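Next up: the structures, one after another.
Here come two complexes built around chain A, the first alongside chain B, the second alongside chain C.
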Partner chain A sequence: MAIEDDVCVIGGGLAGMTAALRAAREGARVRLLSHKKSTLRHASGLVDILGYADGELVADPFDALPSLPETHPYRRVGDDAVRAGLSLFDDVTGDAYRGTHTDANALVATHGGTVKPTARYPTRVAPGLASQDRKTLLVGFDSLTAFDAPLAADHLAAAGVPGATRGVTVAFPGDFRADSRVTRSARALDDDETVEIANGSMPVRRALVRAVESHLGDAERIGFPAVLGEEESQEVRNALESALGIDVFEVPMGPPSLLGLGLETLFQEALAEAGVRRTTGNPVVEFDADDGRIRSVSTDRNGRPTPFHADEFVLATGGLVGKGIDSDREGVVEPVFDCHVPHPDDRYEWFDDEAFGDHPFARFGVTVDDDLRPLDAAGGTEYDNLRAAGSVLGGADFAAEKSGSGISLATGHAAGRAAGAAANQ
Partner chain B sequence: MATETEALVIGGGSTGCGIARDLALRGVDTTLVERGNLTHGTTGRMHGLLHSGGRYAVSDQESAAECIAESRVLREIASHCVEMTGGLFVQLPADDDEYFEEKLAGCRDCDIPAEVISGEEAREIEPYLTRDVERAIRVPDGAIDPFRLCVANAADAEEHGARIETHAEVTDVLVEDGKVTGVEVRHESGPGKRSHHEPGTTERIEADHVVNATGAWAGELGAMAGVEVEVRPSKGVMTVMNTRQVDTVVNRCRPKGDADIIVPHETACILGTTDEEVEDPDDYPEEQWEVDMMIDTLSELVPILSEARTIRSFWGVRPLYEPPDTGTTDPTDITRQFFLLDHADRDSLAGMTSIVGGKLTTYRLMAEGITDHVCEKLGVEGVCRTAEQPLPGSEDFSVLRDYMEEFGLRSPVGRRSTERLGSKADEVLKTDDPNPVVCTCEAVTRAELDHAIADAGTDLNATRIRTRASMGNCQGGFCAHRIAALLHPEYDEATTRTALDELYEERWKGQRHALWGEQLSQAMLNHALHATTMNRDRDPAASDDGIEYDRFDAGPPTPEAAADGGRAGGRDGTDDEEDDRGD
Partner chain C sequence: MSDAPTHDADEFEPVDVFETTEMDLRPGADDCYKCSTCDTSCPVAEVDDEFPGPKFQGPEQWRLKRTEGHEIDDSITSCSNCMRCDDACPSSVPLSQMHNTARGEYVENQRFGREALSALADGNLREALDIVREGQDGLVERLRNRILANYHTSAWLASFMPSVANFVMNFGPARWAMAKTMGVTSEREFPEFADQTFREWWAARGGAQVSNPDKRIAYFHGCYSNFNTPEVGKAMVRVYEEFGYEVLVPPQKCSGTPMFANGMLGDARRHAETNVKNLAAAIENGAEIVASCTSCSMALGQEYPELFDLDGIEDVAAHTYEGVEYLRLHEDLEGALDETSVDGSEFAYHAPCHARNQGLDTQAVELFSDLDGVAIEDVGDSCSGISGTYGWKEEKYDYSMEIGEEMFEHMEHAAGETGMTECPTCAMQMEHGTGYEIRHPLELLEEALVTGS
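Entry: the complex of A and B
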């Protein structure tokens, strides 16, 4: 029997999950198809709306939205959709995130030692905000090479943060391999495993406290790389805070990012609760359309196509990183529906000569109408019942703007609502 | 500031470093100056082929004979820089039978072991070769790491008393009474190891004899001394693939042509190359069509290359030279032999000798020749020992040891590290500190990087060439910041940051020629990690405009309930604190 749903969302990242959730809240029967692990594991777990406009630091993203170009995804969906997407996010994440009390951006210390503007930040990160004038101790682990706490502390001082910041490097307690994965230490803390130390053994949380307490000095808060627990992070942080007597926070890290993975888990729980059906592990390789409407898409399961029928489809396959946008020496394509992706013919015009220059490739993606329906080269809609959301959309350099999560939420929300509503008609 | 030396070598490529080593081994007081880091010019921009000589067996038999002889020497003295992959000259249907026979005969004339194998046998050795392959000649080609080789020569020269100055650009050649008496150099950050942010200095170095070993730049250096050196810089492109599609060197067996060789190198393959004369060795176009031609033409030989992942491309300039009036128009016809230009004989300018032409495979022989010459000029009697005495790292390299247990390294990491370090593995890897892998693409550990940094100062590109860190698939996206962090606290935060930016930009430069498919995806990921997650593109520390921190969210206004119930969480930003800030 054929698989039939009202709405089929392709892509399991933040945009796809948001779209699926929103469509389900319209009362639609929703299917979410995802191929590989989402790129959330690469993401910091911070949720940015807009950190820079025209290269200038933005204190309030909503003030800056009108200054964006017409073709920007935010302008397509409008300010209200940005707020609605964020509100859905707040609803899903609840106590796990902070930042709801204000429109202003927060400045969060990065593992590279800079500060970064962001709209929502995990509760685990909250006590570390750079705006607070508090004496801070950063702690790094000598086997975790991505975060050098003394260097990050000096870097933050160079960035002019109000509070004095020091850094220290200690050994993570226990006899773990020098380059074991961050998840290994996180799980040890989750379970408060007993670890071997110099004279005997003790629970790892207590051993960690012992490793850092002599360095505290007059610190008013202490920051660790974001490895303090995977499942039980609140409990781990509470235990450290009560033993050390000061606030404990975490510094967001690069891949594999426990904060990004934690965010994914929260959304997956919300999806399950909303009754979204999930099918994972196989790529969408072909589709069937007539009369300008998609009828079904098929995944490839060991060479055997499995069709998924729906009334409405949302394309949320990601950008260049997630392979929702692909390229070869000849050109740039959207590989699932072959939607038009504008790009210069000459691939030497896809990039800027400076590493952090204004890269055209960073803006590659499909163009859409105000209803988020992808447009063909002539400006007509590709398919009546196809909408696009997230970084498969062109027109924004989310890395330079610090707008990636916000675009996923706003466009995922708008696409999910429209698809759900259309399916109900 | 003025200093003196007996011999001054200009140029820190393989030839210059080889000369410095040979001079130092013969007891000559030697100084080498190089404007960039070691291998900065041509040496660091070659495909890493250790020539059997087969390539020149028809067109240039003298070079071919030199190559096979020197290849045998390098396998002995530089074993930790060499991988004897073997090589094939492959004939496709379009390729001439007669040339194939000439190549075979040429190899035999030059004492190059050569064996004809069938197309089927060739495909057994290299399964990705095209099905069209008719037959092939098997020769002892290999791969050589030019960075490691160069650094090992420089290190041994230093061991024997030479002074090696990188980031020291010659700004003038001093000439008095028809004799070169030395040079003036500008140190980028003072003499010794480079340190970013340190102000530069100039130095007069007086020398009894000056050797111009600047390769493609020999004409420019000559001009500073008022003599003409007719070097003909010729550019060639090389394209780096992300994996070893072939494990032996694969050459196309036809008279000559662009894009006819694939060299397996460590974890990658390098496609080469073109040969096109340029006016200025520092400024020539790097063009898209050259990269396309590498991939398209070599895909005829190894079809999967058309679909494979390219990680970057780079260009090098050859220091081609031919004696005046030879009149060769096509650079591919110019001999690969080397020439020693005694400016006293040639131009009545005593005190300076230039060396031009040649190739990396024959660098030691060139160094021997010029060192003999300089020693004669200086009246030094000494015997060349460079053909017998192993380079540092190759002294005791009979067996690759498994360091997995001894150093707590996982097996492949230990293998890679010990291959790179050779007999220095013990010294470098024996550390009491944890030794995590910092660059995962190339399996480079912290101890190896610390060792290289001790040698190279803040120049992370010099550390890169010593270790291969940041040279894999991610091109530094995942590791550049981790590598840079090792400079701290010996070097301050601003210095560390500048060094990181420089490494990141250098890695970007070559990737620009590989931005499609997987590598474009990687570039976007790197952009996201460095710009989004770390905000390095708008780093407030690098900007003159201070941030008005009090305009930003300082946390929820109401105290959060602390889970232990007793400790107030009001530090997250109360109204009182709000009032204290803002100035």
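Entry: the complex of A and C
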């Protein structure tokens, strides 16, 4: 009867995928339910643990963890869980990521020309670290307005990065539509397609080298927006490096993000290998519980429910952006299980007067015990077999702290391990 | 998080597409935050540089259209209605619904005569002639699309003389003429018509063999398993009867899938009226609706309520299941499969695009992985490229094969030399690209649970 698993994870973001993977490694039969495809394809592909604390840049996140408030998700799960989450990430991503050699934050230049403290970054990005004192040329494409290379270079200079940075804008070789999709140019580079240029035709990689050569000057490295290939990015970069004679790196971009897409693929492969069963396309909207335990959750498709049964459940539906936490006139709610979300009754207390101030609403989310089980208003556990992970948790301001992926990894890991172990009993 | 309602009720401008179908997709268009994720998941945009992609077809066109005098861009006819963009959008913008509506409107609005007359009135004879000539081409294309979309009519005619039809449809000179005059590609073999349709078989066996007022399903067989692959329909019936179900086969017409993709919403609506009436009656009668084709279950479960406003249409949507899905939810299918085995078979499984949005893309592999004697491998999440009628069009054939390339490659790499999928047109494409025989999951269920036992 019906669909039954040991562990059912709700939410296909980084937290949900991590929890599912960890629970499966515990030997449990795991199902991952997700409304939409993974959110990683929208993300920059960088993995931050903690970039800022109290508005100050953090050099080493592990030094700063103990000073976080008691209610912060990192404090709930502890340093070891943070390390364990990271190590699962390193295991999944292998050669595709860098940053394992140190606890300290790396500084990565973003497409807007800001410098971002981060713990793990794609190998494609690595030669471009902003902390290195090297003369840098940034190249933008006129068809890709999201990255204005001269402007980004100015911003980086203003931010005081070591090493002179210049920016130029060139036309991406070939006759692609003006609003050409990033995947289109990436695939052209993957296959080294022949493209038409002013005086004839040539392979696109060579044409790209031609287009930037004259701008090189004394640059010691050259950065492109992260569109240099989808499946053969290593080969594309190698080809450009040997033709140009200097290091080539990529700058993380906003959505749709090839770096995020690449990370998504790595996690999906790991999930498939671990035997995690995935069902996507429809949201979870209801559940059945008795005796303080969740028995099943149901997805909805145009009014038709589909139930999924399990022994243990993990809630990883995301925060205010991912709709894991929602607000209406009545207040702030967690829409799937209606877990308690503490918030001031007076809406005016949700916001700071300053636009960029410290807004309480950014920390809204479910509160949990040390085992990541959501707590009700009276401080008791909502359900024995429900745990929460990722940005559905309250107590952290992901955007301001730059802690999004780190919290998802740490709490996803902890929730997955606990759920897998509980299901095995 | 503001108190202000996002949409002012007074500002709504309902767009009247057909008779009683009133749709306002504006809130959907406003939900788009231009992240372009939909564009990166569109298989047509990937190979056809002229196709501007779902973001343009959907939200952007919708905004443009509200400014006066904007006509639907003709690129809408290049969208294959694979509905992958729906699944990709993080903001739940109803992209395919917008495309279907826009396509319907585009097809309705193709009135070249008026433009030719106004060119004439301006004394521009040459332009007038050009417009008329283009219009004629357009007419042939529309006729072709209409024939492709109304597959059930040709199939119904052919079913009277299947062997003659099989011969004529694939007869060289006839195919050449079809390609030249109508733009139906001659690269593909028309699917064979069965000697006995599913409904003929059903009547000949005397209808349901099990009666059970407590377990009843109404089978929506669609055109393809009726005319071309009745073995799928028979497998469906036998498996359900094995589990003690009473199977009803209500009178039915085409689900409308090929018509949505060709903008023939008027035709689709007429068919929907019959289907909804008969299926709603079956629901009254205690049955749940089960389809063996994932595009049919998509049409009944999603496109119907999105596009038409008919009595009982929501009810039909809320009671529609895919054939294996229903059994999984209501019977101990895994348990039953645990106790049986089949003679060694290896399958290269392709999940149809339309199975994805219904959450069914992993079902077959999940279910059959543990079945003794079976090895099944997913060939990846690319689109097969045929998307119903898309790959039958002369001008789209090459794109269709280019989209399918990844799937063909993965099929060749997979251990199995037999293909498996729920969608009849994906099956055509899989066979066309690899020469493999293609089976439906229900046929394997039949082998495991009925004929094998």
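Miscellaneous remarks
Everything that follows uses one rule, which is that the second predicted complex is superposed on the first by the 421 of 425 C-alpha atoms of A that agree within 3 Å, B and C clash if a C-alpha of one lies under 4 Å from a C-alpha of the other, contacts with A are read in each partner's own complex, and residues count from 1 in each chain.
Here, contacts are C-beta pairs under 8 Å (C-beta built on N, C-alpha and C of every residue); 3 or more make two chains touch, one makes a residue touch a chain.
From a predicted model like this one, the values you see are computed outputs, not experimental measurements.
In the superposition on chain A, A:D90 makes contact with neither chain B nor chain C. Note on chain A: of its two partners chain C and chain B, the one contacting more of its residues is B.
In the superposed pair of complexes, A:T306 makes contact with chain C only, with no contact to chain B. By the touch criterion defined above, A:E231 reaches neither chain B nor chain C. Legend: residue contacts after superposition of the two complexes on their common chain; A:W350 is shown touching both chain B and chain C. When the two structures are aligned on the shared chain, A:F361 is found in touch with chain B and with chain C.
Of the two partner chains placed by the overlay, chain B and chain C both lie in contact with A:H42.
In the superposed pair of complexes, A:S327 makes contact with chain B and with chain C alike. Residues 42, 177, 179, 254-255, 320, 327, 329, 347, 350, 361 of chain A touch chain B in one complex and chain C in the other.
The part of chain C that touches chain A in the complex is made up of residues 1, 3, 35-37, 39-40, 45-46, 49, 52-53, 56, 87-90, 92, 301-302, 305, 314, 317-321, 325, 328-332, 356-362, 366.
Interface of chain A with chain C (complex): residues 1-3, 36-37, 39, 41-42, 175-177, 179, 181-184, 187, 254-256, 261, 277-282, 299, 301-304, 306-307, 320, 327, 329, 347, 350, 361. Residues 42-44, 48, 51-52, 55, 57, 59, 98-99, 101-102, 104-107, 110-117, 126-127, 129-134, 142-146, 148, 150-151, 154-155, 157-162, 171, 177-179, 220-221, 234, 238, 241-242, 245, 247, 252-255, 319-321, 323, 326-329, 346-348, 350-351, 353-356, 359, 361-362, 398-400, 402, 404 of chain A are the ones touching chain B in the complex.
Chain B meets chain A in the complex at residues 288, 292, 295, 408, 433-438, 446, 478, 481-482, 485, 488-489, 492-494, 496-497, 504-505, 507-508, 512, 515-517, 520-521, 523-525, 527-541, 546-557, 560, 562-564, 567, 569, 571-573, 577, 580-581.
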